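In the two complexes below, chain A is the common chain; its partner is chain B in one and chain C in the other.
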Partner chain A sequence: MAKAQEITVRQAGDVSVIDIKGDVSSTTGQPIEDAYHKVTAAGTKKILFVFAADCYINSGGIAILIGILSESKKKDQKIRMTGLTSHFQKIFAMVGLTKYAQILATEDAALTDF
Partner chain B sequence: MSRSRRQPSKPRSRRAARSPHELEKRIYHLKTLYEVSREITGLADIASITKNVLMMVVGTLGVERGILAVSDSKDNTAKSVSHRGCDTELEAALGSAIGAGIIGKLCTDDEPVVRHHDDTSGFLAALGLDVWIPFTVNETLVGGLGLGPKLTEESYTEDDCELLVTLVNQAAAALRNAAAHEQVIRYAEELAATLKRIQLLESMKMNLGKFVPTAVRALIEQSPEAPVFDKHHEDVSVLFADITGYTRLSAQMEVEQVNQLVEVYFGAFLDEIVTYGGDVNETAGDGLMVIFHDSDPRRHAMAAVQAGLAIQRRTEEINGTLADFFQPISMHVGINSGVASVGVTKIEGAAGTRWTYTASGTTTNLAARLAAIGEGGYVVVSEETLRRLDGGFVAEDMGFPSLKNVTEPIHVFRISAAATTDSSPTTPIERRKHPRRPVAWPARIWVDDCCIDTSILNVSLYGVCVAPLEGATLEIGQAYRLEILSGDDVRFRCSAKVCHISERGSGMETNQPCPLTP
Partner chain C sequence: MSEKKFELHVPSVLGCEKVAMDFAASVAKAMDFPAERVEDLRTAVAEACTNAMEHGNKLEPATKVGVTLTVVDGRLQVDVEDEGRGVGTVKAPDIDSKIDGQGDTRGWGIFLIKNLMDEVRFESTPEGKNVVKMIIHLER
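Entry: the complex of A and B
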């Protein structure tokens, strides 16, 4: 059964932090895209995606993230990600997401990496 | 049915040589297959299926650009197009490719996956795609899945192609089901719309039927696509009935009361008219014009007279019932029989054309004039109508009254409703089922224990016409002992009931078959 999704946006200095809880799939990806567009509209150039420990991301969800990374590349934004389990870190690396968005172990590490 | 795409060939040795990384990828691919299958199973619309499948393919293989398009192969129009990472320029190029009918045809003879370097059409290059997998959904729909370069910048492997072909096969099956589902929904909607139209037509038919004469309905039902309303000469009986002093009543009563009165009386009249097979042709406030059709000219005259008499009887009944509410009314009823011009009369004007199905000519005009000289309790008939009744009713001679706009003298009779109690529409007609033979047989009849000599004028299987009696009166509906003689001997004896009395004699119905030969 799909876990309820919760997306929140907060600011950490000049970094916009998007917290993601629950499942990420093609059918639940719209709120994440909306959050990205919201911070982009605000002029953010640094965005950190923080995935909760129980996040499940399927291939449809990865497609959403690819779309966001593709757009961020054109807008010259920096994207970092954290909170991902080792399994998803492997998957993200396998599909090439890590070429455009670095994955860091902790939120602090990610914030200081920008 | 669409055929499944053949899986790309793969050397057995490579299977054994997979690295842990490849195995992980393989597991991820299998998981994707499972999830795609699970996600699209519950989807019934083509757009949702193409979108979801494309998203999962793009996410599994890690590509920015992906296209999943389904088009109608008959007219090369897009049925559903999902894409990721395409700008407006690429969208236009995709639209052109669909219009050119390329997407379902782009394939090589042996390989299910078209790679960029094998594509001679330039289609993949134009769209910035590395691979293209065409597929067939059903007899009408074709499609294709195209993917751009991977984010990893790696080439598409045999494993990738195998996964893509499997995904495409799954997508094609789901799209086929969705197309069938859409068709069922479409059929159901068409059926619902058709049923609605039928209900509307039935409703129109029912409501229009109230305004359309029965004869017209019969003509339409005989030939619904091209009913023939042309005027033709037909022998009919025409009945006119109107309320005596309607104008005076209208002046004395409220409009609603007048309408109520007309509805009550004419509703009852309509029942009688329908019972006798009449076709109400015109209603004009206080009047009715009714046409009686029948292949037997005597039968429609009989039906018209019976209907006219029934109108008079019902008038009396309702007068009694409504005595506390309305002043009693009386009806003028006139009937004439003969050839009339029956069919559509078209009245053409600048504002349009009005059609009236009616019987016109002197037969109709005379019927109207006869009604005008009528009075309550009687039905005024022409000599021609009376002649057809074969003495079935008691008729009083009214002579040759002056009729408006009728120059020729017309012999007119009136039939009393009070003297005719048999309201059955079939009895007199039944009586004439058997042909009459004119005879001149001696007979005797017992009236109040008196034996009266008489003669039989004509005979049928169950009926006789007895010559007028001297010194005695027969009563309609009364049965009498009757003997037919042969010399001094009684040749035939029976009980005979009087059905009608006229100047020519009394029509009697016998309780057993009569001899038909001398």
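Entry: the complex of A and C
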């Protein structure tokens, strides 16, 4: 029942951009973790997650993101997120994710002064 | 207004909770709930169903999660029932300790349900099934 997932990695200057399309859940989290580990292995210190507008994100997916944020804190990386609907922006703030990752309205805004 | 009931059963297979959340959302839209509240409902129903599948039914594919929607007087009640194979633990999650690597990063489902719905009750049936009763009001 999961929507087909597509995770891509690209570079925008010194920022590694991870594009996420499809479900973000416990059963679909591995490719997101793999993408994070790939850019981390390449030495990046700035990572932007770009969520597609129709992403389905559940608590299992939130747990995956918390795991990444936990690791990024230890590695002194900076994480930003964009593309989230107002609903998921609210959910992320409710959970407290916004204490560890800044959420911005657009990719341009997220890449500015990163 | 007379009471209207809608029922759905989904197998305990992760991903099938999306069918239940779309089912609940379609009823809420028909009741003219604002879009923001429909999104709250979608997340709460998905989380309740996922908990029922994982904790209540131990992800046994032959088991079902029952979802009953009751519409009456500007409110929507959603009952999510498992088959009582187990009970999940309820512990308030803390983002800071999870970020610091203390404990499982999971455990946000009930937190989200409580924060998104207007009323939430956790009950057990005499047969040992767990039921989450969630109410969302048209006017908050």
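The definition used in the following text is that the second predicted complex is superposed on the first by the 112 of 114 C-alpha atoms of A that agree within 3 Å, B and C clash if a C-alpha of one lies under 4 Å from a C-alpha of the other, contacts with A are read in each partner's own complex, and residues count from 1 in each chain.
The working rule: contacts are C-beta pairs under 8 Å (C-beta built on N, C-alpha and C of every residue); 3 or more make two chains touch, one makes a residue touch a chain.
As the structure is a prediction and not an experimental result, all values here were calculated from the model.
Taken together in the superposed arrangement on chain A, chain B and chain C clash.
Of the two partner chains placed by superposition, A:Leu48 touches none, neither chain B nor chain C. Once the two complexes are overlaid on the shared chain, A:Ala35 sits clear of chain B and of chain C alike.
Within the superposed three-chain model, A:Val15 lies out of touch with both chain B and chain C [touch as defined at top]. Once chain A of one complex is fitted onto chain A of the other, the partner contacts of A:Ser70 extend to both chain B and chain C. In the superposition on chain A, A:Tyr56 makes contact with chain C only, not with chain B.
In the superposition on chain A, contact of A:Leu84 is made with neither chain B nor chain C. Shared-chain residue A:Thr27: touches chain B and chain C both.
In the overlay built on the shared chain, the residue A:Ile7 is in contact with neither chain B nor chain C. Overlap of the chain B and chain C interfaces on chain A: residues 25-27, 58-60, 62-64, 66-67, 70, 91, 94-97, 99-100. Taken together, the chain B residues at the contact with chain A in this complex read 21, 24-25, 28, 32, 35-36, 39, 51-52, 54-64, 84-85, 150-153.
Within the complex formed with chain B, the chain A residues making contact are 25-27, 29, 58-67, 70, 90-91, 94-97, 99-100. Chain C makes touch with chain A in their complex at residues 13-19, 36, 39-40, 43, 46-47, 50, 93, 95-96, 98-101, 104-109, 111-112, 115. Of all residues in chain A, those touching chain C in their complex are 1-2, 23, 25-27, 56, 58-60, 62-64, 66-67, 69-70, 73, 85-87, 91, 94-97, 99-100.
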